[in-house]
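Okay, so subunit A shows up in both of these, paired with subunit B first and subunit C after.
Then we have the complex of A and B:
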């Protein structure tokens, strides 16, 4: 029982982190109908900036963090303005999405080269203490991840539903043409979406590399990639879905790892494939994802 | 309208006029190369031809139907490991059926097709990018199986690939001795000719399919799903047909790659391999058969060429191994995907069109021709 409870807490914490990355993918999809495959590389890039500012240049975490977040946000906006914006007029969303794959490959290759075989830490303030409650022990960093992610998710939802900008973004997602006629500047909406997505990815990256993970190395990108099944499970056009999808992916991963000895027939390390299996199952039942709206066409 | 039809038919005729002599010259050159080139270049060619078969399959799906798939490496692996499983004799620690190798190769390709068909509940229903993300699942599940199903795949260390022989004729080997114009046909030469022959056959088949009713249905779906459905095209069925066809091509390429490698290891068939095939298709111009083959030649040869000439390129060889051939190759594929989509989405195919236009003598345009209404 205690084992299950501690796995649930850990799964929720990891899931909230995935939700942050998936949310970025969803926001970009809603504002420009492009699936951003470069999201894992934005995460790697921003986290690398933070980690290298701390580990290699000796800056304090509180300086390094905004640097990393800003770097990823600026890079994301550049990708949008310079590369993806070109496809907006022709609505060639598949081509634009394939282009983000190219961006991802270039960026990851360069970040990987810089990281090399090092393991960089970000100097985050959570340390490696373990908190005990209800008979279970959970790493402090995991609690911090859960709390901070939940806070960011709530703030984001409030922003999307209460602020003028949120209204503009939802209007754009509903019908870009009408939104544009109402005076909403589509370019600005999508640039903001990309900036937010970049910033969220770095916040998530910070928690992925925090304790008990040893730090930032090249294996983190495979973890970051699991945000894609999270976004698809929830439905690409639903922010609520991104949160649900993130949680499901995090829980499935932690539970499969925790009950590994009972699942031995599936082979060792099945937790890395589990989110993808879950995605296939969800897509078979609901092709638009759990919260996605199925596209209907009227002729 | 009428004028547009006229010009396009004139262009088509110009295309045909060039196509035949170009194909004949290219064919003669390709057949003659093994008489002069050494092993390195022949192996380079064999791998490029095998990869081109896979690239043509992916091109049909991505360029002609508008469906994105990142699972190509999975179907390549099904072909490769399927062949190994079917043709190896069973032993204590590994499974095998011990079929005759030619039958094993054919069944392995069919297995890849079946795997593609089994995915059709999703391949038929999901559209474009959605399918791209869903197909990611196959790569990761495939990688998991390749690393853990040791009796089948040999696990981390991989498995040897049995030779392909028809009777006593080793298709990729040395027995019986053959020679052409005094040049002995050994492994490398045979590899070149066999992969080239299979590439030629599969290319012709692809062109025939794309020109048929099926190919027109593909294009209709790509250009407008709703319109296609209104014209009576069964969208879901044709999408899964295209997905299955592309997995058959991938399976065939996988079998050939395995035979050329002689030993396969699981880490080769990862997500990055899928991205390489995507790069081949994008570099070739997405919808062109010839483009996909050219893209495959470029992408598959690049790392080998960089490896061979890295000492000659400043900053790459020697102590600064940081910028190794793998790094440069990856940056180049990724960069080319971005740049080609940005500047010339028709890729290498557009270059060929331009070259043809430049070489075709232009007739002076009559002064009284006004723009069509």
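Then we have the complex of A and C:
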């Protein structure tokens, strides 16, 4: 029982982190119908900026954090403005989406080259304390990830549903041509979505590399990639879906790993495949994802 | 911002040509004027190019792979055909698109807030209330999803949303489309009221009776060209217009006098 409870807490924590990354994919999709496959590389890039500012340049975490977040946001806006915007004029969203795969590969290669065989830490304030409650022990960093991510998710939803900019973004998601007839600047909506996506990815990245993970190394990108099935499971055009999808992926991963010995017939390391299997099952039943309206296959 | 002379039209379209892709020529050498504070109608059957004209004026052709091949568009004396859609809205040209196109998943109030984006003065106290005063039914439904409104209410919302930007020129694409006669009368009254408050209008219609009742001046578009132009009163009495657009018997001989008329021809 205690084991299950501790897995649920860990899974929820990991899931909330995936939700942050998935939310970035969803917000870009909603604002421009482009699927941003470069999200893992933005996460790696911003997290690398923060980790190297702390580990290699001796800056404090509270200086390194905004540096990494800002760097990823700026780079995301550049990708949007310089590369994706070219496709927007002609609505070539499939080509634009595939181009983001290229961005992802190029950027990951460069970040990997810089990381090399190092394991960089970010100097985050959670340390390696373990909190004990209800007979279980959970890393403080995992609790922090859950609390901070939940807070960011709530703030994001409030922003999207209450602010004028949120109204503009949802109007654009529904009907871009009419939105531009209303004087809404589609370029600005898209750039904002990319900036937010970049920033959210880095917040997630910092939690992924926190204790009990040893730090930032090149294996983190495989973890970041699981946000993609999370976004698709929830429905690419639903922010609620991104949160649900993130939680499902996080929980399934932790549970599959935890009950690994009972699932040995599925092979070693099945937890890495679990999110994708879950995605296939959900898509077979609901092609638009759990909360989606438009079918994901339409891209 | 204001025109140079009082006799200068508020909107002046000169020699406009528009193509979609490489093959489809939608407009050829179209010239249309809207005077300050006037109401001008553009009539034409399906595929005549009415929506294309409004898209060109609003600057949203590129989304449909369309582009201007010639001519110029001036608003209050300034060339606007090179500037982005949002600048045109800010300068005072706001469109109510064909088929209303309300944001169905947004609430009525959120639709109006989206319309406020084009207001050059930004957000101002009571701006929502002004629209609710004009359309009380929208006020009652303010927190309902716009997709749940009836067709007539959606048309009111589409007009109210455009008014949030405080336009000097309202472009209306078939405001009577799919509405019952009673509701059409109501919309016409409301448009008169809005016009009375100083907003010029360019109304595109297939329903010539509605358009000619509202407008001072009218154009008839046929296969991308202006076929007839004149005072609305004169067009109401024009045989060709009566027969083609006011429900008279289609007369092949008269139809033939309108270059390339395509009634029933193209899909």
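Throughout what follows, the second predicted complex is superposed on the first by the 293 of 299 C-alpha atoms of A that agree within 3 Å, B and C clash if a C-alpha of one lies under 4 Å from a C-alpha of the other, contacts with A are read in each partner's own complex, and residues count from 1 in each chain.
Here is the rule we go by: a contact is a pair of C-beta atoms (placed from the backbone, for glycine too) under 8 Å apart; a residue touches a chain by one contact, two chains touch by 3 or more.
Predicted, not measured: the structure shown is a model, and the values here were computed from it.
Trainee: Here subunit A is shared; do subunit B and subunit C fit on it together or clash?
Mentor: fit
Trainee: Between subunit B (first) and subunit C (second), which, if any, makes contact with A:174: first, second, both or neither?
Mentor: A:174 sits against subunit C, while subunit B stays out of touch.
Trainee: Taking the superposition as given, does A:280 touch the first partner, subunit B, the second, subunit C, both, or neither?
Mentor: Only subunit B is touched by A:280; subunit C is not.
Trainee: So, A:183: does it touch subunit B (first), subunit C (second), both, or neither?
Mentor: second
Trainee: Output check: A:113 vs subunit B and subunit C. Expected answer is one of first, second, both, neither. What do you get?
Mentor: first
Trainee: In the overlaid three-chain picture, which partner chain does A:103 touch, first (subunit B) or second (subunit C), both, or neither?
Mentor: A:103: touches subunit B, not subunit C.
Trainee: First (subunit B), second (subunit C), both or neither: which does A:268 touch?
Mentor: First partner only, subunit B.
Trainee: On subunit A, which partner touches more residues: subunit B or subunit C?
Mentor: Subunit A has more residues touched by B than by the other partner.
Trainee: For A:94, using the defined touch cut-off, is the partner it touches subunit B, subunit C, both, or neither? Pick first, second, both or neither.
Mentor: First partner only, subunit B.
Trainee: Measuring by CA atoms in the overlay, how small does the subunit B-subunit C distance get, in Å?
Mentor: Superposed on chain A, the two chains' closest C-alpha atoms are separated by 7 Å.
Trainee: Taking the touch rule as given, give the residues of subunit C at its contact with subunit A in the complex, in rising order.
Mentor: So the residues of subunit C in touch with subunit A come to 58, 60, 62-65, 84-86, 89-90, 94-95, 97, 101, 103-106, 110-111, 113-119, 123, 161, 165.
Trainee: Under the definition above, what is the set of subunit B residues touching subunit A in their complex?
Mentor: Touch list, subunit B to subunit A: 66, 68, 121-122, 125-126, 128-130, 132-134, 136-137, 140-141, 143-145, 147-149, 225-226, 230, 272, 275, 278-279, 282, 322-323, 327, 330-331, 333-338, 341-342, 345.
Trainee: Where on subunit A does subunit B make contact in their complex?
Mentor: Going through subunit A, the ones touching subunit B are 35, 83, 86, 92-99, 101-107, 109-110, 113, 116, 225, 228-229, 231-232, 236, 267-270, 272-273, 276-277, 279-280, 283-284, 287, 297, 299.
Trainee: Which part of subunit A faces subunit C closely enough to touch in the complex?
Mentor: Touch list, subunit A to subunit C: 89-91, 164, 167-168, 170-171, 174-185.
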